[in-house]
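Remarks on the structure that follows.
Each chain carries a letter (A, B, C and D) given by its place in the written order, and its residues are counted from 1.
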Amino acid sequence: MRKITIVTTGGTLEKVYDDATGTLVNRHSNVAHMLSGLRLEETRLCIHELMNKDSLHMTDEDRELILSTVRGVLGEPGITGVLVLHGTDTMCVTGEKLCAELAGLAVPVILTGAMRPFEMKDSDALQNLTEALFATSVLAPGVYVVSHGRALRFPGVVKNREKRTFEHV
Amino acid sequence: MRKITIVTTGGTLEKVYDDATGTLVNRHSNVAHMLSGLRLEETRLCIHELMNKDSLHMTDEDRELILSTVRGVLGEPGITGVLVLHGTDTMCVTGEKLCAELAGLAVPVILTGAMRPFEMKDSDALQNLTEALFATSVLAPGVYVVSHGRALRFPGVVKNREKRTFEHV
Amino acid sequence: MRKITIVTTGGTLEKVYDDATGTLVNRHSNVAHMLSGLRLEETRLCIHELMNKDSLHMTDEDRELILSTVRGVLGEPGITGVLVLHGTDTMCVTGEKLCAELAGLAVPVILTGAMRPFEMKDSDALQNLTEALFATSVLAPGVYVVSHGRALRFPGVVKNREKRTFEHV
Amino acid sequence: MRKITIVTTGGTLEKVYDDATGTLVNRHSNVAHMLSGLRLEETRLCIHELMNKDSLHMTDEDRELILSTVRGVLGEPGITGVLVLHGTDTMCVTGEKLCAELAGLAVPVILTGAMRPFEMKDSDALQNLTEALFATSVLAPGVYVVSHGRALRFPGVVKNREKRTFEHV
């Protein structure tokens, strides 16, 4: 039985449509809805809804909070992996920080997000979430971005805005 | 065989996700994609992509253009109905104009749109398009909004912003 | 406010996947699930789950039961339309019977079904249900098949197996 | 750049709806359609459509053909992983055979399938395909079933019919 905690912070993946303004906003986490479409055997999932932010608006304090939250989760007995749902624009800033400050990792810490919101028909959200959850079982301890079929290990991961994906520098 | 022309003007129904900015925009018509999910027997459809505008940005000139376009379509031989895809915010302004200026209608002219873009999983776009296409076969000549299970005939149709639907005054 | 009763009898539209045998079966009505994807203003819906049969297996007794059920619904105060969800293979047998035996109709009685189950991604079920619900508001009293963009009035409607749709003889 | 070959054999995952008979059948591979919904960076995919069979109907000759096909693919220059799409009922028979006869593997050979066809709305096919493709990048050489969030290595994998998933004996 694997035990995974998902820390949600917002980002495009979790944006929902606001009918009143006709715009996409981070209002609440919809990860539970995403998970309802997946079958995960021998898995115990915890969801920790930490914040609902476009990652362009994340502050240093927000990143400190993410770091301390992940550290706390890593201290829980039996934990086998941590997932952080995060906006893609500054995902690598957070990833580098987690990589630098989390010493002696025993399990993988995986960041993922999406280029198109889960609420859109043609979204990469469920693919990335599926890959990231699977990755917690098979990757060596470390901090990663998992997305679009790949696991990229920190340090040295960046967003390629033109290709709208992640890559190693 | 019925012969219907769909005049597209943009609006929420046709908004698409712009990955670069993370916003929803009117860029091109996606009515052909919507139609690919429907089975319509004994129907000949023409698509006339007129403009791609949020209806809040429509000018008097735009409405003149819609009027003259619909008038032109109504003059085509064998036409049995006209559909106008339109943003909901000023749909009723356009509807009142068409109602006032199109005298002696021989077929129904139907406006429809959506509260949520077709590209979103939980959209009312396909329902409204399905109803509007069906309505062209069964409604008496006149100008209507067709949406959310109802046909509302002009004059006297307004958008109820709170309920996010249309109603008679 | 319109008041519609949906009488469900099974058919392809309502077939569900049986994981144990890997086949599609009529086990329970899923019309409530279908309706959850539609927005219907000013509508009061009743669902009457009558039977769950492939229409190839319907007996004379089944058709008597459908007739008496529809007759009962038509006697309810304020009813504005009746919908019968039915397998397509013998839908026209039932339609002819309803047409012959329901004298003096005050509202439309509409039969609909699907060529592919609602549970399949590429299904005509939701389109036909959307059209049939809309049709109850706009058709004259009579017995009809509503499907694939058209309303066909009994008597004289048949299934065209090759084209997999309905038509007038 | 990873280079993966997908060998398709049929099974529930690839069953399609036959409108004429109203049943689910293995007629052609739909893996290309499934892949169109995924974004896979730095990946070169080959599809080898080998057969279209319910795995209950697979013969010893069929399994010999699968073995020789996989062996051939493994001999291609630059190959980094092989995926076999297979019905779940006898997937483990094929897996044990591949495990026993493919000596000295340099890359992972992964079998996957689905409990519900991809064509159904509520299917596990895309999840399993997503996981299996991701797994080719991260698993050690060996023969596996990848499904429902897990990688299970042969020998010793069986289908649990009651739970409708796979597990180690």
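As a convention for this text, a residue touches a chain if its C-beta (ideal position, glycine included) is under 8 Å from a C-beta of that chain, and two chains touch if they have at least 3 such contacts.
None of these values were measured; they are calculated from a predicted model.
Q: Could you tell me which chain lies farthest from subunit B when each chain's centre is the average position of its Cα atoms?
A: D
Q: Quick check: how many Å separate the C-alpha centres of subunit A and subunit D?
A: 28
Q: Nearest whole angstrom, what separates the Cα centre of subunit B from the Cα centre of subunit D?
A: 45
Q: Could you work out how far the Cα centre of subunit A sits from that of subunit B, in whole Å?
A: 40
Q: Name the residues of subunit C that each touch 2 or more other chains.
A: Only 122 qualify.
Q: Taking the top-of-page definition of touch, could you list the pairs of chains it picks out?
A: After working through each pair, the chains in contact turn out to be A-B, A-D, B-C, C-D.
Q: Note which residues of subunit D are touching subunit C in the complex, please.
A: By the definition above, subunit D touches subunit C via 12, 15, 17, 19, 22-24, 54, 115-117, 119-122, 164.
Q: Can you name the residues of subunit C that touch subunit B in the complex?
A: Against subunit B, the touching part of subunit C is residues 37-43, 122, 124, 126-127, 130-131, 133-135, 137-139, 146, 148-151, 163, 165, 167.
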